[in-house]
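Here is the structure we will look at.
Note that the chains take the letters A, B, C, D and E in the order they are written out, and that residue 1 is the start of every chain.
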Amino acid sequence: MKTSTPHPYEPASAHLPSRSRRRSLARCAIWGLTALVMLVLPLCFPGRFATALLSQMGIMIIFALSYNMLLGQTGMLSFGHAIYSGLGAFVAVHVLNRIGAGDFAWPVSLLPLVGGLGGAFFGVVFGYVTTRKSGTTFAMITLGIGEMVYASALMFPDFFGGEGGISTNRVVGHAVLGISYGPARQVYYLIAVWCLLSMIAMYAWTQTPLGRIANAVRDNPERAEFIGYDTQRVRYLVMILSAFFAGIAGGLSVINFEIVTSENVGAVQSGGVLLATFIGGSGVFFGPVIGAVLFVLFALALSSLTHAWLLYLGLFFVLMVMFVPGGIASLIIKQAPLIAARKIDRMVPSYSIALGAGLVVLAALILTVEIVYKLQMDSDNGTGMTLAGFAFDAASFKPWAVAAALWVVGGLCARTAISRVRRAWDAVQTDIAGGGA
Amino acid sequence: MTAALELCAVRKQFGATEIIRGIDLSIPKGERHALIGPNGAGKSTTFNLISGRSTPSSGSVKLNGVEIGGLPPYAVNRLGLSRSFQITNIFHRLSVFENLRCAVLWSLGYRYSFWHRLAALRDARERADAVLERIGLQRVRDTQAGLLTYAEQRALEIGITIASGADVILLDEPTAGMSRSETDHAVELIRTVTEGKTLVMVEHDMGVVFDLADRISVLVYGEIIATGTPDAIRNDSTVQEAYLGTTLDTDQAGGAH
Amino acid sequence: ETVKIAFIDPLSGLMGSLGANELKSWQYIADVANQQDWTGGPKLEVVGFDNNLSPQQSLTLLNEAADQGIRYIVQGNGSSVGMALEDAVSRYNERNPGKELIYLNYAAVDPAMTNAKCDYWHFAFDANSDMKMEALTTFLAKDPHVKKVYLINQDYSFGHDVSAKAQEALKRKRADIEIVGDDFHPLAKVKDFSPYASKIKASGADTVITGNWGSDLALLVKASKDAGVTANYYTYYAPTTGVPTAMGAAGAEHVKYIGYFGPNTPGNPPQAAQIFDGFKKKYNDDFYVMASYTAIAMLSQAIKQTHSADPVKVAHALEGMKTQSLNGTVEMRAADHQLQQPLVISTWVKADGKDIKYDQEGTGYGWRTDAVLPAAAASLPTTCQMKRPQ
Amino acid sequence: MTPTLLAVQGLHAYYGKSHILQGVDVHVDEGEIVTLLGRNGVGRSTMAKTIVGMVKASGSVRFRDEEILGRRTFEIAQLGIGYVPENRDIFPALTVRENLLLGAKRNPRRATLRWTAADMYAMFPRLKEREHTPAGVLSGGEQQMLTLCRTLMGDPDLILIDEPTEGLAPKIVTLVGEYLQALKARGVSVLLIEQKLAIALDISQRVYVMGHGHIVFEGTPAELKGNAQIRKEWLEV
Amino acid sequence: MEFFTISLLNGISYGLLLFLLSSGLTLIFSMMGVLNFAHASFYMLGAYFAYAIAGKIGFWPALVIAPCLVVCVGALVERFGLRTVHKYGHVAELLFTFGLAYLIEEAVKLAWGQAVVPYRIPPELDGPLFHVFTSTFPKYRAFMMLVSVLMLGAMYVTLTRTRIGLVIQAALTHPQMVEALGHNVQRVFMLVFAGGAALAGLAGVIGGNAFVTAPSMASSVGTIVFVVVVVGGMGSLGGAFIASLLIGLLQTFAVAIDASLADLFARFGVHVTSTTLLSSVWKLSVSQIAPVLPYLLMVVMLIVRPRGLMGTREG
């Protein structure tokens, strides 16, 4: 079962030595920049909530990237990836509690490594079973194993802590140079460091023989067998590596939330990472990063703003699948040649129209959904509500009228916008092609 | 010296129907051998049995004297046998270069390594580029293989097959669906890349066959009805009847020219 | 100014209807407090947070609430969640001196919370499971017809405690009673209880003791009815949303309930009636989470005393506080922050408008108070070693 | 001059980048057998696929003066065009009988069916023997027969046959030739795609030769026999 | 004995409901190769529609109308959703339905709130049907069995008497060829998808009030249905039938058995105490591991026999 992204997984192949040197320089620059951003972000957005948001983004990025090692690079669609992050987390939390109890000493900063090893261990165990099959069968087995682990979580309270899960305290031992991991800010920086390292490691992996063969297996498992590779073995190894990184994410989540429950291995988590990865774009390395950031924004920021966040997320996801199966990253990649040919400016007008139309439609959608939610879900204490600063009564006629108007206008704009974009796009494409010839 | 490839009483059933009805074939090292026969005769199936894609129901297949019948494809490949496919079978989302580099990795001993940086592997890069040059696809080095024209894909198909440097090569209808000029080019390509190697190929195009092959085997309904030099085959009456004969008489003329 | 209170409980899922009713109770009592100015100034506002009965989510919400500057946390559904919150709150208070939170627990009744795991910032307004079980078994022991008892509980700390304590107490009080079953089922997951029902049926039990609540009890009762189980049910939570409807006429005289309050207890104070009627009028729903009244009363009193809503002062004031609640005089025992209050045992019977004034969910059936156990009698010793910040 | 049944004009078809059909003009009249010759891979099958709407194309394809290019495949089939693919697209999981059953279809322009499953079995007794065996395990030849019969069950007025003799034993090849003429006798027109010149020239009224995506020769079998130069350049190896 | 009979009946009735539910999924999968993650959502829709209608004009009309509504929903989804995604391959289709499940659940919450809705058994079907010794077997359960069996029959007829079944199987491997024989494959696609949805909807109508009608009902049955389909063999109705009954009985009876490995050991004189290694594992009673058994079954099945009980092909 191959992922349906129409875009090549960018083959960052090294060409003539000089070119490769330039590339690797560029790469260092990119990583440096990423590090810088991670460093300054919490300074731009102080405040506990922002920190919490950033921390969870960091964790989700690792998780999504590890998932994409399977989906994007090896074409393995897994519905149970959470068991690796989750079980890794459980291992980590037990270790942390032991440390807390003083049974042995181990720096909290390296706890994610424990999680990673835990994840990898279960990767070895379950992976052996799951990776013997590929395609749909693989997907189903992962689903089954995921559910099985989740269901059995309540059966082994010693390990999973039953309904209550296992709480812990990340502040153990005495602070090293003032780092106790009490303050959320310190935890964020720990996550940031691990996130950066994991990203680099996982990117580096895509540039190794195994990484490339994984792509080959994704594209054409049969042929891979005829160039000397045991596809089953390839899938197994990738699964273990991916489980390792998932485990790191789990270990970090332990430090961040200080509790691990059976949900950590549950289908919701597994589904979430799939959503995030797909939305971001599994065909490009950095796709899942975008996806993770968006997903956390949805799940945290949006969920604290509106009860309808799952609706928005689901809608967004479905539309993506239907119209942008390559994910957001693919949209960006599409622009690359234009930028290279310095023709992107030709697209700007039509794009901006499209953007405008999109915003109107979005406004219409949000207004409608929010009114309905207000009426349907918490009208117990009155139907008065405020949206974007406007206060109004959801039960009254006016907001509906506004919504309807927005829909009409937005719809019309959208139609023109789409055709405009298409025309501009074709024009530019032919230009580039002509220039090439 | 042992034959490069030796089939002994090989049979294959699919459910009720027996497709291969006992093939005996011995191909010495360095020979260019052609396997011809009507559609559905079992040529591709024979290739599948040799290359490990499917397992013989009975009989033995030896590669350089080693029994390979029933081994998985990758095992057979590691023993130095490489094949191409009748229906193009490439890594369509990887660039042409990556296709070839993947094909050389195992033979260079990098196996499942995730501690080497591809960019740092000069030998892999150079081997891949060399093959690229031989199949004349430098122009499209970094194009996504899926976007190549049919003929280019066929060339890449051959490239992937020879890249690993295997010394026994199986080509299944390498020129299928190529225009005449493309065909001629393909023939030259095959001739050069299989220099000093053992080649077994399935081909419908008599021109190609008589042009390339040292020896020819005619497979009809799962049995080899004749094996011999091109001339011997051309003048073999049973072959006339069973295969060549069914096409227009001018075909022999065509073959003879 | 207004003092915000974060209500962290399930507002969706199988237990959603339960949480919804509980949230309304809190908000309603808060309104009453505001109208009658219990706090002597500050207004109380209860904000609902949906935790899907998940401990993990509850902790995230805890932080979210804290970020919004909310200092009072209310939770009840599930000791699983409760214990996680108790830990988290005390951790939070350690790390954020000057920003302390207080956890007002109105229903999570795992005894550990006020014993081994007790914490200074946690206050329990429900009677803990052991107290209830003591009372329940004492009452049950008096009934000579009870021969075979079946225990069925949710598979988590609270459920396990109910089962263990029941066995222990029964052995002590009625050695002759035989325990014919001791089942645990997953919390808030089971859709079809008929297998359990037929199991109870098969065991020939004449009495069932269960700590189940919400849908887990409603479905159990429904299934038992379908399977023709005629045993008496001694429950902790028969009045919780959905259960009364499920019991209907079939449950009459069969279902008993141990709690800290009986709506139809003769000696109830007048404002009880006002609250029931007012609540029914506003939400067309039954008011049964009486702990919300006690808790808000005590919180207001503390705020009034200390002239501040600072949790540190309030917590201090709450220790050992006495107040008049709907079930009489109650005391927040300083030793373990476990409210000392009378316990009530009632039976599900036909409402007649005078003795049984209040029915539930319009079934025409309501609770007849059989026995009231004074606070002193209901009280149990504690093992809590309270660590107080100085 | 019998009326034209199928008229193909300026047909262009692509597979991705490769331009397969580069403006093909072909026509088939009522009740005649027309053969389309050409080397492997010149695009004959593609043309057949294009006519039945399996491959996107530009140009014009008219059936009974009705433009059918761009129509959905099943609509075209229901108009009375039958298609026998080259790669024996039998339904492997279904039995021979079921395969035939799926082919069965009433021809809107005719009250009674031209033939029934019984006729088919009469035509190829071998099929009758294998009636209840899954088609997947049939020999290549049997599969070929089945494909032909399955299409005939749909009672078409025009039938496109792509290399029906592919993989058939010589004697069955001649058999097929006879049956094609039998079809003609029953008023069915045939567009035959072949490599084996022999039967093609025997049974068809007109012959097209395709090369490089164009029609490079049109004429009677006799004319083609006479034209060695065309044969050499476009057919032989 | 009495207990056994009742449990058997419960198990079968539950199993039949499962089959009603999973048959639709199997149908859709076997024809379109689409693993419909939103299938359980149609089950939920069925229940909610029925609840809404039953509230207005009674249960019996609802029994007919609700599934029809679900058919419409299913058809729309196929026409305007799946068909667009089809060209991107099966993964995209699967992910589409995956997202759809979220959407439907949210929509339901919007329309009917997050809490459980009081969708009740009609009075005429409430109460016991017959007695087994002292236990009673409720009418409604019998009714569920009846409906399921009738549907099963109807489906069997449509699939065997008409050519739809053949078209389905053929189109799975050679869609284009089927079209070339004059069958409108796309329409059959839509029919089948809508039909499958309808089956789920019907299951919802009769299951919703027997159990619980809540937004969570989809996700709770969702995975079990997949288990059925996989165990039975992808795309095999017969397999689905057997698997449904198997799992129905498994879940019913597992609850009843309190024996644990520890007891087994005790038979052989080995006594597990709380100090024994992994004591908690040995002490687990069958009734406690009941929830896992189906998944265990599924995983084992996928490993030893990936085609499932009666499946004809892998994946």
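Methods note: a residue touches a chain if its C-beta (ideal position, glycine included) is under 8 Å from a C-beta of that chain, and two chains touch if they have at least 3 such contacts.
Listed by chain with UniProt protein names: A, E = Branched-chain amino acid ABC transporter permease; B, D = ABC transporter ATP-binding protein.
In this text, all values refer to a predicted model and were calculated from it rather than measured experimentally.
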item: Remotest chain, subunit A as reference, centres from CA atoms; value: D
item: Chain located farthest away, centre of subunit E as origin (C-alpha); value: B
item: Selected interface, D-E versus C-E, where C-beta contact pairs are more numerous; value: C-E
item: Centroid distance [mean C-alpha coordinates] between subunit E and subunit A, Å; value: 31
item: Distance from the mean Cα position of subunit D to that of subunit A, given in whole angstrom; value: 52
item: Euclidean distance of C-alpha centroids - subunit B vs subunit C, Å; value: 78
item: Mean-CA-position distance for subunit C and subunit A (Å); value: 40
item: Contacts with two or more other chains, residues of subunit A listed in rising order; value: 154
item: Subunit D, residues touching no fewer than two other chains; value: none
item: Residue numbers of subunit C (touch at least two other chains); value: 20, 155, 186
item: Touch relationships between chains, expressed as pairs; value: A-B, A-C, A-E, B-D, C-E, D-E
item: Subunit B-touching residues of subunit A, taken from the complex the two chains share; value: 8-9, 11, 13-15, 20, 24, 204-205, 207-213, 215-216, 218-220, 222-230, 233-234, 237, 241
item: Residues of subunit E touching subunit C in the complex; value: 2-3, 6-7, 10, 14, 109, 114-116, 118, 128, 131, 134-136, 138, 141, 210-212, 214-217, 220, 251-253, 255-256, 287-288, 291
item: Subunit C to subunit A touching residues, read off their complex; value: 20, 24, 27, 50, 54-56, 59-60, 63-64, 66-67, 78-81, 83-84, 87-88, 91, 95, 155-157, 186-187, 283
item: In the complex, subunit E residues that touch subunit D; value: 163, 166-167, 169-170, 173-174, 176-185, 312
item: Interface residues, subunit B side, partner subunit D - complex; value: 14-17, 38-41, 147-151, 176-180, 204-208, 221, 241-242, 245-248, 250-251, 253-255
